[in-house]
Amino acid sequence: MTDILAAACIAILVVMAIALVRAFKAPTVYDRVLGVNMFGTKTVLFIAASGFLMGRPDFLDIAIVYALINFIGMVAVLRFFEYTSPIE
Amino acid sequence: MDFLDIVSSILLLAGVFFGFSGAVGLFRFPDFFTRIHAASVTDSIAAILIIGALLLQTSFDLNTAKLVFILLFLMVTSPTASHALAKSARHGGLLTLAETRPQDKQGSAK
Amino acid sequence: MSFILDYYNYWVVVFLMMAGFYIVISANNLVKKIVGLNIFQTSVFMLYISMGKVSGGTAPIVVEGVTQYSNPLPHVLILTAIVVGVATTAVGLALIVRIKRAYGTVEENEFDNKDDVI
Amino acid sequence: MAEFIDLVLLAMLALTALRIIFLKDLFAVVMLFGIYSFLSALIFLNLDAVDVAFTEASVGAGISTVLMLVTLAITGRKEKQSTHSSLLPLFVVLVTGAALIYGTLDMPPFGHPDNPVHQHVAPRYIEESPKEVGLPNMVTSVLASYRGFDTLGETVVVFSAVIGVLSLLGVRRKKKKDLESGLESHRVLHVVAKIIIPLVILFALYVQFHGDFGPGGGFQAGVIAAAAFILYALILGLPKAFAVVGPRFLQWMAAAGVLLYASVGLYSMYMGGHFLDYNQLATDPVAGQHYGIIIIELGVGVTVFAVMLNIFYAFGSQAERSNVQ
């Protein structure tokens, strides 16, 4: 089971890296936000999985905070788009 | 490996597969609205599968409750965020592929 | 390989510190300078937390059957430093908003010129 | 496995910092800074600093990013090309960096249990604090009890930050313009926000009072509660948020938290001990420590909540003002 969890953690890391690349280099502003959002949700899953991998799963609180902050960041970005035109 | 471990391994691998396909979709699809479609749908299914797999590893204590809470939270916020982002993009004037290429069949039909 | 693993964290810390430092001294825009300052600050946090880690240790919350814990003292120092850091960031951003109101720009060279005129 | 994750995450962090240097679009810079904070919180988590990861995720990634976005809404989002050359800064940075790298070679190797950091007070905290203070979370024991005076100082710094921000910006209460603001067109967000905001506040209370046993405590709980109200203000607009918790009430709250903290210290002096000596608060020293920590964590939580929310109000009302103009 540990091997599978480790493999899953590494795979989630790879997905995070891909989302990071999208956030680095995005064709439109919205794509960048999408990359950031995907990075955030995958991070939540990574924290949950790595907690079980390390044998101390009692730190899931941090995953909850991540999910929450990710959503708030998203809403803040949407609000920001109402102020400034995102397409130049 | 007992039965629960096998089930949760399968769920984990399936979740990772969907997550991975979503990440690839983020690059391979032609315009923003198809890309957000790929990202948001796979985000949800990956979260369900991976957290479901981890749920089978707990022994019905506080961690189970926290995992369920994370799952519910992601189920509510992740599609909402995607929907709001797509809506904001539409209002901001972003066009679909069909609209940007008016010589295409779909574009001219519109 | 073990030499690299022993010092890898510190090298990344130095890199981040220098990246933040570079942004602070070379960026023209004040908001970007604040971002640079924050990067610099986080690198210091990273240094402290790296020093507090003990290989094979676990988080300093008592559980049954564990004797090796990581050092809790750097965690305490950095925990409060993060909150203070965001408080100072807020003050810095407030100053930037005032500068924008007073000069109409947040680009360093532009409001320098305006100072000369006045 | 932990070393490998550490390696990968630190590499991602370094790349993010590198990318931030070369970006001219400040919105992208702020987005990447959010990722940067998230990544550093992950690294803290991986290096066993759960409480720090908690704080960084909520404060660094949440509040900082939101404040920077609001500032960008006021100041504009393009960095102009610098007129002076970037060669001199590069030279300075390279020389300093080389000196620091040379310095790291004298550092004790990473993660070794015999390093000097782990020799002096740390073993005492690890061995004695569960007995002396009676809490499983050593970080909370050290934060609130052994170094309680330091934490009082930090709380005062946070309090003075809100004084600084308010004296620079000030919160403007709008009377006439009540109609505008808020994400009016996003119906779904309104509904979802109303579902999750109570849950978030509940979670903040859990973090506040569970901080003695797991990761969490006053700082984190205050920020999470503030985040719930910030979400409300972002979606429904500042005037509606002012109707729930007004800025003037928050100023009182911020001061009340600091006073609550300090009065615990004074009370323990009155009982015959030193300042912030919780052993005096009850006949049993361990029970006294419990009471003291719960009360001062509450003080910290109230102050941090009020300060963070008030800072957001100050920035938000500035942004709405510049939007109206």
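Which chain is which? They are A, B, C and D, in the order written, and residues in each are numbered from 1.
We take it that a contact is a pair of C-beta atoms (placed from the backbone, for glycine too) under 8 Å apart; a residue touches a chain by one contact, two chains touch by 3 or more.
Because the structure is a prediction, the values reported are computed rather than measured.
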Common touching chains of chain D and chain C: A
Inter-chain pair with the most contacting C-beta pairs: C-D
Averaged-CA centre spacing for the pair chain D and chain A, given as whole angstrom: 20
Rounded Å distance, chain A centre to chain B centre (Cα mean): 12
Geometric centre distance via CA averages, chain D-chain B, whole Å: 30
Residue numbers of chain B (touch at least two other chains): 69, 73, 77, 80, 84, 88
Sites on chain D at which at least two other chains make contact: 50, 72, 76, 183, 186, 189, 196, 214-215
Residues of chain C engaged with two or more neighbouring chains: 58-59, 61, 63
Interchain contacts (touch definition) - all pairs: A-B, A-C, A-D, B-D, C-D
Residues of chain C defined as touching chain D within the complex: 5-12, 14-23, 25-32, 34-35, 38-39, 42, 45-46, 49-63, 68-76, 78-80, 82-91, 93-98, 100, 106-107, 109-110
Chain A partner contacts - residues on chain C that touch it in the complex: 58-59, 61, 63
Complex interface listing, chain A residues touching chain B: 1, 4-5, 7-8, 11-12, 14-15, 18-19, 22, 27-28, 30-31, 33-35, 37-38, 41-42, 44-45, 48-49, 52, 57-58, 60-61, 63-64, 67-68, 70-71, 74-75, 77-78, 81, 85-87
Chain A to chain D touching residues, read off their complex: 6, 9-10, 13, 16-17, 20, 23-24, 26, 29, 32-33, 36, 39-40, 43, 46-47, 50, 53-54, 58-59, 61-62, 64-66, 68-69, 71-73, 75-80, 82-84, 86
In the complex with chain A, residue positions of chain B that touch it: 1, 5, 8-9, 12-13, 15-16, 19-20, 22-24, 26-27, 32, 35-36, 39, 43, 46-47, 50-51, 54, 57-58, 62-63, 66-67, 69-70, 73-74, 77-78, 80-82, 84-85, 88-89, 92-94
